[in-house]
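Chain lettering (A, B, C, D and E) follows the sequence in which the chains are written, and residue indices restart at 1 in each chain.
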Amino acid sequence: AYAETLNFGIISTDSSSALKQRWQPLIDDLNKQTGLDVKAFFATDYAGIIEAMRFNKVQIGFFGNASAIEAVDRSNGEVFAKVKYKSGEAGYYSLLITNVNSKWKSVDQVLKNSREINLGFGDPNSTSGTLVPSYYLLAKNGLSAKTSFKSVLPSSHEANLLAVVNDKIDVATNNTDMLDTLKAQHPDRYKEVRVLWKSPLIPSDPLVWRRDLPQATKDKLRSFFDHYAEKDPREQAIMHAISGYSGFADSSNAQLVPIRQMALFQKKEQVQSDAHMSDADKKTQLATLDQKLSELDTVAAK
Amino acid sequence: MNSVDASRLGSTSASVASKRSWASMLGWIALFAVLGLSWQSADMRPLDLLRDPGNMVRFGRDFFPPDFAEWRTYLHEMIVTLAVAIWGTALALVCAVPCGLLSAQNIAPVWIAQPVRRMMDACRAINEMVFAMLFIVAVGLGPFAGVLALWVHTTGVLAKLFAEAVEAIDARPAEGVRATGASGLDEIVYGVLPQVMPLWISFALYRFESNVRSAMVVGMVGAGGIGVVLYEAIRSFNYAQTAAVMLMVIVIVSLIDLGSAWVRERVI
Amino acid sequence: MDAIRIERLSKTFGNGRKALDSIDLKVGTGEMVALIGASGSGKSTLLRHIAGFTAPDLEPSHITLLGRPIQQNGRIVREVRRIRRDVAFVFQQFNLVGRLSVRTNVLIGALSRVSLWRRLVGRFPTVERELAMQSLVAMGIGEHANERASTLSGGQQQRAALARALVQRARIVLADEPIASLDPESSRRVMDLLRSLNEDHGLTAVVSLHQIDVAMKYCARTVALRDGRVVFDGPTDHLTPAVLRDLYGAAADELLTDAEAAERDAAWENARRAERVQARSNEASAHSAAFASAASAAGS
Amino acid sequence: MNSVDASRLGSTSASVASKRSWASMLGWIALFAVLGLSWQSADMRPLDLLRDPGNMVRFGRDFFPPDFAEWRTYLHEMIVTLAVAIWGTALALVCAVPCGLLSAQNIAPVWIAQPVRRMMDACRAINEMVFAMLFIVAVGLGPFAGVLALWVHTTGVLAKLFAEAVEAIDARPAEGVRATGASGLDEIVYGVLPQVMPLWISFALYRFESNVRSAMVVGMVGAGGIGVVLYEAIRSFNYAQTAAVMLMVIVIVSLIDLGSAWVRERVI
Amino acid sequence: MDAIRIERLSKTFGNGRKALDSIDLKVGTGEMVALIGASGSGKSTLLRHIAGFTAPDLEPSHITLLGRPIQQNGRIVREVRRIRRDVAFVFQQFNLVGRLSVRTNVLIGALSRVSLWRRLVGRFPTVERELAMQSLVAMGIGEHANERASTLSGGQQQRAALARALVQRARIVLADEPIASLDPESSRRVMDLLRSLNEDHGLTAVVSLHQIDVAMKYCARTVALRDGRVVFDGPTDHLTPAVLRDLYGAAADELLTDAEAAERDAAWENARRAERVQARSNEASAHSAAFASAASAAGS
């Protein structure tokens, strides 16, 4: 039979470390069950994969929520599925953490005394490290990462977690996945961490395909992912090995709406605090941002 | 009379020398000023190192004993990495030799050397990720895009190092070749290359080695390789595996270093 | 046509030292000229200018080799590399490529006669390899052909440099103290060979020398430099004690005796010159034919 | 008789030469074999470059015109980066000089040179991210941890390059110094350093430049810097800004390169 | 006590060339010895072994300087650097540090008398700087003190190397063709200075030379090498045409005349030696005191 060649780009996201040998069995199953010829590429950064998708060098991708937005907007992509967790949860959580010995015992304390606090933040495109906490933790409480703290050090999740475990930073953002990994690898270190705050649920990581894939291919893919690891214990083992997943669930671009809202909100904040922009520019930009936000609100309301 | 002579000569020379030492004094002052100014921006707190040395020890202990359970994967990925590095370096070498010669001020006229140097500066300065993406959109994900990205960057580095080795040669042998009426090319082949060969070989192998380590690009473009494995091990706090991978990299780097010494001794 | 013609040549180095001071000099084709002068008087600098290795001061000046200008008003002409094919240069410090074998160093003299790809891969034609071997043998270092130039003794390096110049088969030889590091016998060999090339094949030679006696013996004409100026230019026989005292400083009581002895020798030399031309080691003549420039042979 | 002599000598030498050329032949064959084997692993598809060149052009066009709107931020971040790079390189320099000398085979005895070389190999081979994390646990997040991480890695690189420059020197001047009964240290200061200085300066400035570019470490320890800005720009697909930042980096790299040439000419 | 004592010294280079072949040699304190031999006969190699720069074959052999062993059975002793302080070496190829100024090159000879920090920052004491200037002036290159060594002419470099050796104030001087690149007057200066150091201050000197006449004039004893073997060792007056023919090859008809002339000169020299000791340029004696080794002065 005619085997269509597809490239599948997989990145290490916020919530998973994509290990080739863990994904490969799934890819093999995919090829076997659909008759497609799917080649997997594992990358440490999403930028390359998104550009590749834009130029049709990659047809399917596994992204984080934030990067999926880019894939959808930039690369003619469409969210068609997302992973499910074993625990049954449909996502993970952003956290604010500190060392057990630190004098900060609650999130309220932190919010009140933010001027005395050094904050370890996520890298700017991180969903759980930056977007979620700036919106749900800070903005909702009238604070801003840039101006309300003694200092803000944007870095990676691992670096933040390490700094907290060794009491080298007052508080830092992180996520449940990271903490679970730490718990599994170094239970003793895990005990050093106190969770101060937990965000609302962040939808789990999505699968994106190019919108212009032939319908037949799309159908094959969808039926594979819909039913994968439903019953077969071998398949379940494969899914679990990847990152504690239990299977896939249908999804759509709608999953990205809350993330988009946060991203736009952040953008708005940036524009407002930009000292070098003229007032007129600011106004027009804010107006367009507000309009986009309200559009999203209506979408979300549906 | 002679001692008078000597002291007079000594004094005139002393004034020349003092002029020189003035200049070098200024140089040192400038250097320390820059270091001092950077001290704050770099937030230097050397004493902090002494405050929590226990942390480092505790952290370091997690790396032992290294966990070689997955060594087959590592080996396989290492081979991919080596292959990409070999081709990236080989292609770069081919370009760096002419570019390096053309940007050496004692070989090429200034109106060629300067533009070539600036081009090489750009090759080094433009982010590897940008090159990687440039090549991804042309050839798709995979090792080949990694090879191309490494190629451009390595060309920039090697051409610079090659050129500066050429600028430091002893001019006499090259002049000896020139004296026979040889062409510029002959002068390079017979007068310059034999002199710079040991250094060029060591540069090329250094860049090869550093391409083996430069996992970022290769990993970013989905070429796999040991670098991706390493990052994943670090990011999942799996330090025993990290140590295992790093040991392999150290062995490879040491082998390349030994090879470099061997080749330089032998071929030259 | 003059082989070498120099007009108003001056050179001031970067550190302000005036090494050459408006030199005017003509050397006819087939002449053999000794260049003498105290250490630092500018012999090497003059020779280097003649071959176009150093650009003189940017003033009106002129150097012509075999009718072709090599520099004009301080600017070295573009085709200097071509012209150098006809000029063999023996450097005071040998300027061998230490990492290459002696043979390759000598073959470098033949580069301009070899096709591009052969030069690039280093496969010289058999005829050139034989010529190189011949010149090494003529210099008495044939058995060192495969060694690295850097492992040779001082005198062997100097002879390797001479061998390279021979292989070039040039029409002019500029030799900067070519026998400084040689023992008497090797010196004789070298000078005999140069003389044979000069007398039998019309080679023009300018040889800088410190040994006045050698100059007297081999060169009909001598040019003497002091502080970058030509202070004597004429038949070697006319070198007087006064000239030598002027050259090497006033303190030299013994030098005068030396010079007188040399003069004595020279007179004796001249008397025997006729027999010499025949009696001169046949070896030198046997060798010289191989190294004679094809061009000049055709011309003469 | 002489020509007989010559040809006889020629033939014995030919056999020696043929032995050498055999060895070099084998070397070439091995090289091409390795290149050939790597061809597949590196998935070389040169023709693909010709298939979609339009993509590259389309991608490249996004970079123009560069967007300098945020130049104040860039400048500020550039200063942080420079400060971190300056201190990282300066500390590395201090360590690389002794380590480099101790790992040069023509200066240190083999039982010192080899262990030092292996240590330097490890400094280069161990991932910068690991060093960054090691220093985070000791001194916390911030530029200082970046300085320390750059320091270790740069020491490894510079010591290697320094050592190989020393191994390529002309032995005679050093011997001239030794002849006066000078100590080993004197021999280095007066016989070796003057010879290697131009190369050492160019290596140090090359590493400085490459530390300015090495955004990874500096970014990961939360030191900010232009590299982080650059990655952000790339990752948010803001290519006009990317181009602006890269132009600034190119200018800095070019300035360092020019400075390198200037210093080498002047100080030496 | 012998200044230099060599027993059964052999050296075979990596390429299989036997450069020295069981050399036995003793040089007494205060002797001045000429070392002659054809180019490639092993003069430089021998001198380099004496100073411990090259390790000989791993066979029973022995070199002692001033009673202290410098190598034994092919192994150079550890304290060789100390011993070298008493031995000044003038290299055939000068071995100057081209990028340093002439003055600094000369001051290198004084390193072993200067404190560590001064050596590291290059601030030499005034007395050493003056000594360096004096030795440059004695060599006639005082005005080049601030120039880079690499810009000097060949003869000037050779004299700078000699100046460095002088500043060392050693008890033994090993000079490898120290006058090869010098004009007659400079040669005379150098040799006069060496002789003055030797005669007035008990310096031991071994000087390799190609000029038989210079050997005859300055050195009472000559050692001749051929193919790495000592073929003559005795008073310079006893050098016979046969010995010279043996040294430089059989073909040298003219060399014999040269040698004879030299012998003639030597006889004449010897006759005048008595007056010489006084008449010898006062300049040399004036200089030499400064460069005499403090140790040997105390000893004598």
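FYI, contacts are C-beta pairs under 8 Å (C-beta built on N, C-alpha and C of every residue); 3 or more make two chains touch, one makes a residue touch a chain.
Which protein is which chain? UniProt says B, D = Phosphonate ABC transporter, permease protein PhnE; C, E = Phosphonate ABC transporter, ATP-binding protein.
Computed from a predicted model, the values in this text were never measured in an experiment.
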Remotest chain, chain E as reference, centres from CA atoms: A
Dominant chain pairing [most C-beta pairs in contact]: B-D
Inter-chain centre distance, chain B versus chain E - centres from mean C-alpha coordinates, in Å: 45
Rounded Å distance, chain A centre to chain E centre (Cα mean): 80
Between chain A and chain B, centroid-to-centroid distance (C-alpha), Å: 36
Interface hub residues of chain A, defined as touching at least two other chains: 45, 47, 51, 55, 158, 162, 166, 168
In chain D, residues with contacts to at least two other chains: 52, 55, 58-59, 133, 137-140, 142, 223, 234
Multi-chain contact sites of chain E, meaning residues that touch two or more partners: 93, 283
Touching residues on chain D, where the partner in the complex is chain B: 24, 27, 34-35, 37-45, 48-49, 51-53, 55-56, 58-60, 79-80, 82-84, 86-87, 90, 105, 117-118, 121-122, 124-127, 129-130, 133-135, 137-140, 142-144, 146-148, 157, 160-161, 164-165, 167-168, 170, 198-199, 202-203, 206, 209-210, 213, 216, 223, 230-231, 234, 242, 246, 249-250, 252-254, 257, 260-261, 264, 267
Chain C residues within the chain B interface of the complex: 51, 53, 81-89, 91, 93-100, 104, 108-112, 119-120, 161, 164, 168
Chain A to chain D touching residues, read off their complex: 45-47, 50-51, 55, 70, 74, 120, 123-125, 153-156, 158-160, 162-163, 165-166, 168-169, 276
Chain A partner contacts - residues on chain B that touch it in the complex: 52, 55, 59, 62, 70, 73, 129, 132-133, 136-137, 139-142, 215-216, 219-224, 228, 231-232, 234-239
Complex interface listing, chain D residues touching chain E: 172-173, 175-186, 189-191, 194-195, 197, 268
